[in-house]
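Each in structure tokens, the structures are laid out below.
One chain, chain A, links the two complexes that follow: it is found with chain B in the first and with chain C in the second.
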Partner chain A sequence: MDTTLLNIKDLQIWYKTYRGNAKVVDKINFYINKGEKVALVGESGCGKTTTMKSILQILDARNSIIPNGEILYKGKDILKMTYNDLKDIRRKEVSMISQAPSAALNPVYTVGEQIIDIIKYSDQFKKMSKKEMKKLAFEKIKDVMIPDQERIYNTYPHQLSGGMKQRICIAMSLVVPKSLLIADEPGTALDVTIQKQIHKLLEQLVEEKNMSLIMITHSLAVAREMTERIYVMYAGNIVETCKTIELFNNPLHPYTQGLMKCVPRLTGGGIFEGIYGYVPDYINPAPGCRFSPRCSYAMEICNRKKPPVFAIDKEHQVSCFKYS
Partner chain B sequence: MDKEIMKIEELKTYFIIKKDKNKPTYIRAVDGVSFNINKGDIMGLVGESGSGKSTIAYTIMGMHKPKDGKIIFNGTNIANKKRNFEFFKKVQIVFQDPGSSLNPYQNVRQILSLPLKTHKIVTKNKIEEKIIEILETVDLPSNIMYASPDSIGGGEKQLVSIARALCSNPEFIILDEPTSSLDVSIQAKIINMLLKIQSKRALTYLFITHDLSLMRNIANKVAIMYLGKICEIAPTEDFFKNPLHPYTQMLLSAIPVMSDEEEGLKPSIVNFKGEIPSPVNIPKGCSFHTRCNKSMEICSQIDPVMKTKSVGHYVRCHLYNSN
Partner chain C sequence: MKTCLADNKSRKKNIVSESIKENIKIFWYKFSKNKLSVVGLSIVILTMLLALFASYIAPYPEHVQEYVDYDSANLPPNSTNLFGTDIFGRDMLTRVIFSFRDALLMGIIVLVISVPIGTFLGLIAGYYSGTWIESTIMRTTDIFLALPPLLFALAIASVLEPGFKSSVSAITVLWWPWYTRVVYGMAQSIKNEYFVKNAELIGASKVHILIKEILPNCLSPVFTKMALDVGWIILIGASLSFVGLGEQPPKPAFGQMISDGVRYMPEFWWMVLFPALGVAFTILGFNFLGDGMRDALDKGVR
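After this line comes the complex of A and B, so read on.
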């Protein structure tokens, strides 16, 4: 039986700027079940990473505000947690792999030292001797298909290639068995062949360890290959959600349809015109649907009112007046 | 009639990393590349990062000195000559990162008026008119003229870069990953615009990218590069129907795709191994043999030569014999 692991309800996130608050995430609802693989797809600047960072509470507290919403992790609200509880979530429950592996690793410590640090402070391996720690670190490096652990253990991040660094980041995020892994565009900075390897590895590890995976990506094709369910995000709103297969067979929201046509296909046939216009201003967003200025189906009501979520069937939800 | 505009023969660009009189150490960024581009063609140059794609572009533009080889543009070899204004009027380049290739202290008007002045395209009092006209061709509003590059979005910045390249009415444009840092919806828009301009002005493009599915939709001819060498070169249709080189097959099968139909076009390879080796120690023999799943004994000994498989389809692999 599926049980909900994480449930985000009506979450709003604002960033403070000198011109006013930028309403970057605007009342989104999101859930993930145990053992499920979910994708969050959207173009750059639509609030994907911001949403995911709020789960771990690693947004910069000085310039971000969460005026409204709940993030329920196993039934408990992360936003109301004490610092110690939050620390436990970060240490034992949720991990995140960042987009740029070179920025995620500390350049002045060796890879080994950084992995040992995680083991030391993870609270799970108390009273472990140094030798055992090293052995465990070797094991974790081996888990991500790196052949010569001894050498990698003693290298500094800059001596490794991008793909290797990303592997190390994955190894680090999986030192402690976790129940949720957030992968923030893990293959974007890498070449396609390396990206394929990293995605395969992630898929395999997630299955092996029975974790849930949230895959943040801007590529619909990656989401198609990796995940079961999909959320499409545009300008801080989730515009469409359904099973991944369903989305590719029957995309409903005009934005999803436009986005799909933009992707160049291997079968050829040219490229669609693109989506007219640009992402809206977050500081003074229009009262209506945030996609309406770019939408070719826009009706009069779209500029006035924010579209609620319409359920097409049990799984497929779309937030567009076209389907009211 | 197919007229050759650019021909590159056995081009080599090395970078010295260790100066030693007897035995200097080189990075062999481009190591014997030959191809030719006909007038009005769009040639795609595809490869992983570090394969030397951009180095070829920069060598053509004269930013790097080639160690050996010929660059023949409109019939004259320019490999070791200093590029003159006449050359830059005809050949232009659009860089990958619009953020760092536009001067942040200048506004769009200043950026676009420089090539107009240097190449004396229009007289001084008509510059404004000309700029508006050029901005129109790239679908930018004329009021963007007084904006500085950092106040406009990434897509618009790239459009300004393209506009700058178009200022001197060039014949040949090198596009060095012009859309790799942009979202797909903006990419689609820019690519369509580039194609429109290309057919209108009969331009020739050398399109450098790492995205094969993009190549499928725009290029006439595709060349695949690996560690400074071209491993396969073919007309686009032929290339995607019948990829020959194991590296090409590996690249194709790694592309994430959108439909089952496309899935069927990909060669099925289960085995992805290794990463691109450093260009300082290129493996002996065929440079790809360390990652190749069809590698034979001969591959680690002898570097294969380019073989013709069919008209315009060349492959560099021991698996194939010349037809």
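After this line comes the complex of A and C, so read on.
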């Protein structure tokens, strides 16, 4: 068949609040091919994590609704799956690294016990003896560049540093060979040097195992370093998508252009301008383009109508009336 | 080369056993920082020993059965009867030592039954918070919490035949809701922790999440509360037996001995004082122990 691994079509996600439904994710389209590395870039609160959580269905079902859309994983719609099928996907196909490594490990078990649990739960290693499981766990800890696996295996999470914990989290998400890894800002809680190491490690491991990677980040620099294709997200819409290099050479959407201008450059004298204003209200969004209140190119039509997606060329798509 | 491998193996074993040993050491270090909790622990151990070996320690074990000796009745504390004798001439020391048995047994039976039930219900209610399961469990709990414990125990114990069994069952019926409350609160907050979400992500079953992820994180307040509760249960048990609804004579019980002695109060003071001291001693011990456990099991203070 085709090489598309995950394909999200017209996905909408609403959060229920006391004022009404917050329309956080608004009809986004997203796909990732096998072995591809894709970044999802956007400012905080624009719906990146929400979108990714919906892939594995770990949004709180009592607070959120998905009124519309499809999430096709290998051609099957995750939203219509039974609980057992979903469990299979979680166990064998997709894993996710969360942005808070310190909270992601259970404080009452040693690191080793938690890795063993994962090995036990994935059906792929069912017939393993305890010794083999332990050996496998050691291997996985070794994979994330931790020396002295023996000691780490027997430590409790609170005895480890943040960087170590994040490595363990990565190791845990890679224990079972899976085809898609979603990394939700894996470096955010760490300092810059460790962040760099973690990103490098992640990249290396993903390439080794030929997995697909969705990198959620708010940093264009990280996206540029690690990925082949970029989705730029603004207030629940995907405003621009293209190859990473293309985006840096030729940003089209006013929001992307604004983001680029915010990045200080080595060659020029500092930051020239930012993007003024703030992220719009999700509960009663304006009928038009969600970026129009902040956009310096806003036209009359922008306030009335939602911009459709315009294909500039085969890979480069942008949703802005400027390019109609 | 061979010796090197052997060394490695023994080193590995050492690391595992050392980590357990170290945990115990850390616990003891934090526990013993407060001298009162060590005192509490010694009192608890002492009462337990007294209860277990009552028939060997007590000077006149036959005095807990039907026994009358009017010649030596109403004797104040002296060299043969350290705590004096009661109106039937029975040795008070013997009867006090034997009373520890029922008092402790009552605490243990009530907790052994009510803690697992309460914990389990609280866990379920906390995990399914916001659904009908939670409302059913928690509203039932609220109803039981609304009943004043002593009154309810009195009511049950007076409907049933008065005795040790009926007072234990009355207290048990009232005791589980406290554990449901405690565990419910803990489970509700732990449910939203990342590591639980992560377990869900990996595809763990609900049973695994409840038992292996959430439950162990709820246990430290449960243990603390258990230690504190033994004292309370002994107190309620003593109150019930004071009004005649606990252990029936001639078997000794703290409350019953006090209520018997109160009638002869100013002159024969030893008949009230020593059983009362026995109750106070036990409760104090368990309270100190509970406080110490709370400090030691508290996360973060290391």
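To be clear about the criterion, the second predicted complex is superposed on the first by the 319 of 324 C-alpha atoms of A that agree within 3 Å, B and C clash if a C-alpha of one lies under 4 Å from a C-alpha of the other, contacts with A are read in each partner's own complex, and residues count from 1 in each chain.
The rule we apply is simple: a contact is a pair of C-beta atoms (placed from the backbone, for glycine too) under 8 Å apart; a residue touches a chain by one contact, two chains touch by 3 or more.
On a predicted model such as this, the values are computed, not experimentally measured, just so you know.
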item: Combined model on chain A: chain C and chain B, fit or clash; value: fit
item: Partner chain in contact with A:95 - chain B first, chain C second, else both or neither; value: second
item: First, second, both or neither for A:164, with chain B first and chain C second; value: first
item: Touching partner for A:118 - first (chain B), second (chain C), both, neither; value: second
item: Touched partner set for A:56, first chain B, second chain C, both or neither; value: second
item: Partner chain(s) touched by A:87 [first = chain B, second = chain C, both, neither]; value: second
item: First (chain B), second (chain C), both or neither touched by A:150; value: second
item: Chain A as apex of chain B and chain C, Cα-centre angle in degrees (nearest 10); value: 80
item: Larger contact residue set on chain A - chain B or chain C; value: B
item: Nearest Cα pair across chain B and chain C, whole Å; value: 11
item: Overlap of chain C and chain B interfaces on chain A (superposed complexes); value: none
item: Complex interface listing, chain A residues touching chain C; value: 56, 58, 62, 87-92, 95-96, 98, 100, 103-110, 117-118, 121-122, 150-151, 154, 169, 172
item: Residues on chain B engaged by chain A in the complex (per definition of touch); value: 48-49, 153, 155, 183-192, 210-214, 216-218, 240, 250-259, 261-262, 265-266, 272, 275-276
item: Footprint of chain A on chain C - complex, ascending; value: 12, 15-16, 19, 130, 193-195, 197-205, 208, 212-213, 216-217, 299
item: Chain B partner contacts - residues on chain A that touch it in the complex; value: 43-44, 161, 163-164, 191-197, 200, 218-222, 224-225, 248, 258-275, 278
